[in-house]
């Protein structure tokens, strides 16, 4: 169950503060990195929302993001709509797609849910890959950034764009935390914990899960709009399943089910990738080793582990900490 | 009033419930007796809609609910507790009760407000905790409390939805005599506007709380009557009580 | 070892600048894939490029920064931005996949930093979407396949069945081939596009191609796909002769294809067995340096290096002047005489039709025909 | 397109099915027994192909490579078992998926370091490099060999699982590992044996596939998804499921390519989605 603890608030402020400072005082490329981190972090929050709290480990979040980006671009570039309505429609498309996926896959769980979402994601990927009208695998360009001059903001300025990205990340975090604290979010955690009991208490869990996926789709859609605005170019590459795999990696690396962990995971992964690729072409291996070590160290992720340590430090008999064996047993049943 | 009419259920070739008919009046305490494999738990599955009957009808409060699914039946006030603990293991007792309360009061559709802060939900959590004697452990994780306390919470989860019809599947299974007394007390204290069906193996408890008793054997109703009548019935003695002694 | 640069022919009275002092430091950004499917290509191009610079003894003159695109469009674009906006490079070299080129195109055009394309063959990059800042020294998809269409029709092939992976480059390769083939009187009896990156088993498609009754099969496959295709074609013992875009039997992959590659006819802008003094010197130098035969990708990197140096020699000191000088580059290199067409900024070069043959126990390329100075149409390009 | 054309395509479909079967059976049995989703299974397949190529290049003996490569892969599997896999049992599926996902990255880069980025090929052995003619078609002998290999493995697995002591032990452990342990079955050793056997099959599939498909660094990742689809469609942990799944996917992809080429890229995914929506546990689940 989600609680916006002080520790989480502090971690979030530190993470966002770091991004803002890094963008403000860093070089041009630092700003690019900050935007990349924001996009990945938003996507990771979106995935943590449904995977960490709803137990729906989706492998189609890349596709959801891509659909938002594509619809946004089709409306703006191909049909000449103004950017705000295009973005709204893009978000709507993402919400509808992920809600639909959530609805039809509601009966599956564990690896079956993962595979089902993979299937839907890959179908969307193939659709855009094969659409000659949309440039196929070459993708589409010609996107322009939002005109926020009425706010005195020039989005073509890398710093402004990066800071705005951080702002949107904060907003998405707030949306996710409000949703998770609401009655809806509480019940979502209940479904994750024990779906059949939740049904026995009168909750239509299929509908609930579909709605949760739709909410998650909204957040992933936000990432898609920023991604399109950032690169001013989109390609089916956005939708491919490995993108979703990377997001999952970020969520786990940071700490699944903590909401702020994924933000930290995104910072770590992108920074590590850029630093490592300067030195070696074999950085995948290092990422792999880090991933293995992270799981061997307890699987709580970087932030998750810190949270456990700090909670133990401040309240020696913290009642919130779940017991290890029961949890893993429960998860095992989840998959079987 | 709960009305079960000609209910049958078969799995493959096996008839688990056959031609079962009975009625339970509002506010009644009805104990279901029967040896293992008599179809008691299956009857509960059929009543709560987890499984669909092969034939026959169930009606509750004047409406036919035979075709209604589990979620629908829960939302018209039918709640159950389970024979094997079926709790939210990695959450606290408070959170468990809160989920039940929010589910039953439609707070699951609140997208912004925190249901656990709502006065309605809060009082219900406290009231229920009081009823099942868990008030002093509200913030304990379920996987850290004793087995007996989990049995209490099992009933608490059902009660927190404020049901009008409560099905309890062996609430005292696996607990010691002291705990059975507690359950006795709990059952006595439940308000009379709740109709209760209870599967119970502890004879003393069963006979002292029941208004009427229905005895099942091999999926069939073999007897129905008051505790006193049941005690005196030869068939029941033979197939059930005899066996128990 | 004789420097290849000595073979540079100067056209238009511009001075060759071998003796130019290395004061003007030029920053070059290499944007190539070093991980993922195209890592081998990125490495081959880098090898060729480095060799050109080193051979000329001008490595102090150029600061080279390499960036890995992972062959992913967004990554490639981010890396290009980094090179231009942070590292302030004067010129970029690279791009293997058309998708990455597509992603970078608008940015390069607006940033006005020249990009020397060393592989990506997307027709549009020097067609509809051409830019004064994008100069291609590799090939265009049409350039390689159009001449082959005409050549096959003229050399007695009446009907073909075509196969290619289902992605943009596949479609461009096949459509330019088919257009030229039909224009020269041939007929395309059937055409199939196989799912990109997924297809491992070509058995079903080969059976289809055979059943079509066409006189020849024409395909475009590259990399692992090319190896699979040729080997499977060989194992089925298909009598219909196989023709293809030269990437099919590229020297990089032909060893893995084995005997199945024998007799496959293909067209390409470079084969390492060209009997010209320039190429012999190049191959010898390349073998000495890296111990392997050069491939068309190595040559593309090499020529990117030569073109860059030639542009610098013609007075290119910064982005603008290099961009202005690049279209004027022309010389005879390993692949023969080449020049940049100022109307499209695409290379004008020979296309070679060759056979793969077994010679002294090793597979090698045997030149059959040369189509000289193939120039792309100005297809909607406005500079 | 006459009857011989369809026969040819059926053989193509069978050949592809059998390769998928060799890969998926290992994955599914490991899952059924240990509840472990080993994504790195496909990386072992890749290693099988690369070791096969190396052994064959060093000795010039295809059949030696064919024998040795699965053994080498099994040894690597055993090392992985003791360093990681055994430790990760009971750590929850999420963590298992991630650890093996990390392994994919590591093995991928190790292969790049060891063999380079360029695709490599392996020649089919001389005695199988011809084509066989029958019923009006001629078909590569090597492909027939793969079909035969798959069928032999399939039948022997069925016999072992249904008719032998160890098969009974495996089935009992799939049914209920705790119960099996209480009956005196050394479940830990059984797990290890089955895991090694799965690795050997993955290595075998790799070296068997190398003469048809080239060995590339991405071959593991590319085959992973179809294999997972086979296993999930069939129902995790069941032998019959793996057989059914690989036949369905093999025939669907082959005839999809022939009959519905424009849809062939998504046919498999459409089937997967449809199966999971209507039968969320797969077609033939291991239990119940």
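First chain written, first letter: the chains are A, B, C and D, and each begins at residue 1.
In this text, a contact is a pair of C-beta atoms (placed from the backbone, for glycine too) under 8 Å apart; a residue touches a chain by one contact, two chains touch by 3 or more.
Since this is a predicted model, take the numbers as computed values, not measurements.
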{"item": "Labels of chains that are neighbours to chain A and to chain D", "value": "C"}
{"item": "Chain ID, smallest distance between chain and overall C-alpha centroids", "value": "A"}
{"item": "Higher-contact pair (C-beta pairs counted), C-D versus A-C", "value": "C-D"}
{"item": "Chain whose average C-alpha position is farthest from chain C's own", "value": "B"}
{"item": "Interchain centroid distance [CA atoms averaged], chain C/chain D, Å", "value": "37"}
{"item": "Approximate Å spacing (C-alpha centroids) for the pair chain A, chain B", "value": "41"}
{"item": "Distance from the mean Cα position of chain C to that of chain B, given in whole angstrom", "value": "75"}
{"item": "Sites on chain C at which at least two other chains make contact", "value": "39, 166, 196"}
{"item": "Touching two or more other chains - residue numbers and ranges from chain A", "value": "129-130, 281-282, 284, 327"}
{"item": "Graph class of chain-chain contacts, one of line, ring, star, complete, other", "value": "other"}
{"item": "Chain pairs in mutual contact under the definition given at the outset", "value": "A-B, A-C, A-D, C-D"}
{"item": "Residues on chain B engaged by chain A in the complex (per definition of touch)", "value": "48, 50, 70-71, 74-75, 79-80, 86-92, 95, 98-100, 102-104, 107-116, 118, 139-141, 143-144, 157, 161"}
{"item": "In the complex, chain D residues that touch chain A", "value": "35, 37, 84, 87-88, 90-95, 97-99, 101-106, 108-110, 112-113, 221, 225, 228-229, 232, 236, 262, 265-266, 269-270, 272-273, 276-277, 280-282"}
{"item": "For the chain C and chain A complex, residues of the former touching the latter", "value": "34-35, 39, 68, 72-74, 77-78, 81-82, 85-86, 98-99, 102-103, 105-107, 122, 124, 166-168, 171, 196"}
{"item": "Residue ranges of chain A in contact with chain C within the complex", "value": "27-29, 32, 36, 129-130, 132, 135-139, 141-142, 158, 227, 231-233, 235, 237-238, 277, 281-284"}
{"item": "Chain C contact footprint on chain D (complex, rising order)", "value": "1, 5, 8-9, 12-13, 15-16, 112, 116-121, 123-124, 129-131, 138-140, 142-143, 211-214, 216-219, 222-223, 253-255, 257-258, 261, 264-265"}
